[in-house]
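As written, the chain order gives the labels A, B, C and D, with residue 1 at the start of each chain.
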Amino acid sequence: MSILVDNQTRVVVQGITGRDGAFHAQQMAQYGTKVVAGVTPGKGGQEVAGIPVYNTVWQAAEEEKANTSVLYVPSAFASDAIYEAVDAGIQLVVCITEGIPTLEMVKVMQYLSAGQARLIGPNCPGIITPGQAKVGIMPGHIFQPGRVGVLSRSGTLTYEVVYQLTQAGIGQSTSIGLGGDPIIGFRFVDGLELFEADPETDVVVLIGEIGGTDEEEAADYVSQHVSKPVVAFIAGLTAPPGKRMGHAGAIISGGSGTAEEKIEALEAAGIPVASKPADIVGLVKKAME
Amino acid sequence: MSILVDNQTRVVVQGITGRDGAFHAQQMAQYGTKVVAGVTPGKGGQEVAGIPVYNTVWQAAEEEKANTSVLYVPSAFASDAIYEAVDAGIQLVVCITEGIPTLEMVKVMQYLSAGQARLIGPNCPGIITPGQAKVGIMPGHIFQPGRVGVLSRSGTLTYEVVYQLTQAGIGQSTSIGLGGDPIIGFRFVDGLELFEADPETDVVVLIGEIGGTDEEEAADYVSQHVSKPVVAFIAGLTAPPGKRMGHAGAIISGGSGTAEEKIEALEAAGIPVASKPADIVGLVKKAME
Amino acid sequence: MKVHEYQAKEIFAKYGIPVPTGQVAQSPQEVRQAAAEIGCPVMIKSQVHVGGRGKAGGIKMAQTPEEAETLGAEILGMKIKGLEVGKVLVTQAVDIDSEAYLGVIVDRRSQKPVVMVSAAGGVDIEEVARETPEKIHKLTVDPLFGLLPFQARKLVFRIYEDPKIASQAAKILQKLYRAFWECDASLIEINPLVVTSQGEVWAVDAKFNEDDNALFRQSWIAQMRDRQAEIPEELEAREKGLSFVKLDGTVGCVVNGAGLAMGTMDLIKHYGGEPANFLDIGGSSSPEKVTAAMRILLRDANVKVVLFNIFGGITRCDDVANGLVSAIKEVGVDLPIVIRLTGTNADEGKEILRRNDLVAVDSMEEVVQKAIQMVGA
Amino acid sequence: MKVHEYQAKEIFAKYGIPVPTGQVAQSPQEVRQAAAEIGCPVMIKSQVHVGGRGKAGGIKMAQTPEEAETLGAEILGMKIKGLEVGKVLVTQAVDIDSEAYLGVIVDRRSQKPVVMVSAAGGVDIEEVARETPEKIHKLTVDPLFGLLPFQARKLVFRIYEDPKIASQAAKILQKLYRAFWECDASLIEINPLVVTSQGEVWAVDAKFNEDDNALFRQSWIAQMRDRQAEIPEELEAREKGLSFVKLDGTVGCVVNGAGLAMGTMDLIKHYGGEPANFLDIGGSSSPEKVTAAMRILLRDANVKVVLFNIFGGITRCDDVANGLVSAIKEVGVDLPIVIRLTGTNADEGKEILRRNDLVAVDSMEEVVQKAIQMVGA
């Protein structure tokens, strides 16, 4: 089964006529994802690499039965694109766009809280169910079908970990990049809930980093609700407080959000934490025994 | 039982230190209503006619177990007073204040939709359960305990009708003035639902007027959900379109909201409509047979 | 509160909605000068608070400044539905490729703003709504989020195919909604929204009604009130804190409470009479209000009898009676007066009236029948 | 983005939050003149983007313009936590009866704004939060309604008893929230909010951090950026589209991706080394970015080795290798360079490097260990 996306997922690409949108639409389609439509307001009727373009998501959902959307829309227009997708009945919205103002996302989360749709991101690499569907910008070839679920707040660090897993012959059920912003839709706890219920996932890998309290919430959640083994890695032990490490989410502020706190919380919940990325493979193997 | 207010109702008067607030707090207390507290920010610690004044509704609810509030607050501050009451856990908010901007009320209704609290008004005379509690500004002496529920969009016209009922020896279970604004909290359908379920109400009198579609909705609701007899009167047969009759709610606009339409809808739902106020007594008597 | 088209266009311009260049003129000379400055052809549009100005001859096109002056002289001073034209708007005439309608109101049923667009612009939208409602596309707005850009696009794509025009129209619709919300409008309309043959989109007419309850926080709009453009009696009534609407009958009514006032009018009609007005003096017993009410009523030559219908509630009837007596004395009424007085302290009130040779009856039915007898006599 | 206290006070003033009169000065003479104009006593406050200015001697009170000049000369040019003081704010000294704290941030857990007030003002609020959290009163705000007046009152009544002071503070708190929301702040604080012995309420200090992602729609705040007040390397990095944070170690790192960059730093530490920096060049293979990154790194005399950790994803490794080669040639590096290159087209990339006498390894572990060996050597 995997979670959230599979070979039945019908993807609409919002912002398909832009440079990134067009490129990744093709990449996704090449991976085997069912990319059924694109949307760019005012460009309805065109085609991008054989994919029909509509003016509104509503039309894409009507005409092509799209149920998942992925956004490559400039940040100033991204929140509107999310609203539009949700309003059109899209069940899963994957927002690749980075640079959306935090308070704009605060409003978006209020909008989402009234309905059933899920948002992954923003500022994230997307979601992939290896061998079935890739909705995002990850390099598909490093993934391999299997039974390890991956949830990560970091992009390239995920690739690093996944690459090592794949090289060790350990495939992934679904891998989700949660995104690097302070306000994100889909969080560790959401992923843990779904992986726990997914019969095709045996182990979950959490890749966390400094900033926020998502890892602590995940630790809590695991001790109460998760029976499957979970292993983790946290980046940023050497990060100094008050300095943003790349994206707005990764910052130790007010003395909280440190890697130490997170590692402590995870270990207290019985989750083994790798002291370096290369050790994750070993922990996963151990968990699978 | 009656509906919404009775001799157990504990009333907090918001704006109690104002002229109207102080006067009506005393009038309500004299009628026998349990007026347990008043609120005026910054005047906490004072007393008005023996009623303790607090800075916040929260304190009044904590200290005096107030569960119902009535507002005599200037229109510019009324919406905030409603929010405060709801936030403090008040179950029934009666807003006497007139002159609240319509779009302010549009926001208030969104706020209320998230919770359980009810709002009567704004721009209304309030609610009375004769012999038990008066929460508002109606002249208490014209009412008499009994088994007729009254719902009205008009103030003095209600008094007219109730006075005639009382003179004819027909008492009232509860009488509610819904208010004259385009956007009001408690509407005919809400009252009909409660009266239908109230074992102490036998007949319901609806007093409607031009403007809006509340009477049509009430007619619909009665034909589907109400088993008790309902009688009605609609004011404004002679009102010309496009002219506001006193308050902002009473206006025929865009060719709809006419008295004729409303009478037609009510009669189609089997509700007898009095052709003049004096005939209501007869219709009620007939319904009680 | 209604504002003139030229004022509505000022509001539009503030929100970035494109409107044709225009100037207000109050004399034919000013019309000529405005036409010359703007450049002909121009439209000369009467500024009065009623619909149907075009049909009534209140909107004309001029090809030259001279023609503008002539037409200006015709329009200024003409009466449209009883209102004299004191101002005209002289405005750039735009060539019209298509006309649409955009509007926002609050829907009382859903208690939310509703945005409406229609390709059937330039005509009476209420007629469209009655006869071909499917031509009006509506969208209920979540007031906490406002009209979102995608919603505006979705609506305008239903009336425009050209993406460039749709994009302009969507932006205008969002601005229109923002103006509606931020200015506390009760109604805002562009009819027609014109697409020119050059593919530009203009708000050629503008309608804006303000929520009276919000004037306290929209003082800049309150200042737009044109007292000369109102019906004098209604203006006076409003300024005295009364609610007054003039009608065509013979029975003048003074009532406390809007519902009771409507009920009184209806009852007059029910018994074969015709009310001369709606008048709500509110809950107050102030002699000043009663005096003002009577002065306004008596100015209407049709009025043959004055009917008071007072239900004393919190206000005591003896107070009201005192107010009545001093008002009647001060105004000096020649017409017959009939009075109904009931409620708190009614007996004391009646006694006061009796001492002043005024008789009050108990019931509404009685006072109305009495008034109609007098009109008939 | 951080703005100076004086700029934050400009924002406050725009929102009607009372701040003491003040002037910015960049020379002792200007300090003297400002002190004379404002009227002594005055405070002279260094304008640098770090906390703890007071403890570092960056805030002084002057009783006369002459003293102000002397103190100004001391403060201007001093270094606080590595940042040179280029500007001071000369401001009216207010007499202090009590000091409180007001602040707004976004809470990442609830994903909503949180308003905080505390009677323990004038001290480091993070310390208060750690040691006596019960002294901080918090309220989560529904962002669709904003901070409602009653909520502001409820909060300030917890720190002030006097209704007049509470009323002023409640209004200030609402304005602070509005400024936070409308300006896209990531943090806004008044610390201390001072009540004077005359019962007036003033924002004596002001802190405002802007959400970098919102600068595109807050251009007036973007213009407040003081390039001279930033750490030069970090400024240069930002302007080249790089994310750079200077640290104290010897291993310079160039990595694509923030998480991988942190992971690299951690691994250096894990194997006993010390990273010299955090540096994320993003997903791009542009030689310009790599060149800029290397120039910044090499300016740090502590750096003994340069480590590249590149995971090719959508970006192809051969593109990255070409970028690396031309950057290294252009900058002309004397230090040893170690490279890790993995992912899409890694073999082609390695071949390009090899032709330019550069060797790339496969794993992150390997490259880090290699770098540390070199530092040790």
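To be clear about the criterion, contacts are C-beta pairs under 8 Å (C-beta built on N, C-alpha and C of every residue); 3 or more make two chains touch, one makes a residue touch a chain.
Treat the numbers as computed from the prediction; the structure is a model and nothing was measured.
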item: Other chains in touch with both chain A and chain B; value: C, D
item: A-C compared against B-C, more contacting pairs; value: B-C
item: Most remote chain, CA-based centroid, reference being chain A; value: C
item: Chain B and chain D: spacing of chain centres that average the CA atoms, whole Å; value: 55
item: Centre-to-centre distance between chain C and chain B (centres being mean Cα positions), rounded to whole Å; value: 28
item: Touching two or more other chains - residues of chain A; value: 107, 110
item: Chain C residues counted as touching two or more neighbouring chains; value: 144-145
item: Touching residues (chain side chain B, partner chain D) in the complex; value: 41-44, 55-58, 77, 80-81, 83-84, 87, 107, 110-111
item: Residues of chain C that touch chain A when the two form their complex; value: 144-145, 148-151, 153-154, 157, 163-164, 166-167
item: Residue ranges of chain D touching chain A (in the complex, touch as defined); value: 106, 108-109, 111-113, 126, 129-130, 142-144, 181, 184, 186, 211-214, 216-217, 243, 245, 247, 255-263, 265-270, 275, 278, 280, 311-314, 342-344, 363-365
item: Parts of chain A lying in touch with chain D, wherever the complex brings them together; value: 24, 27, 75-76, 99-107, 109-110, 137-139, 141-142, 152-160, 163, 180-183, 207, 209-214, 217, 233, 235-240, 243-248, 250, 254-255, 259, 275-278
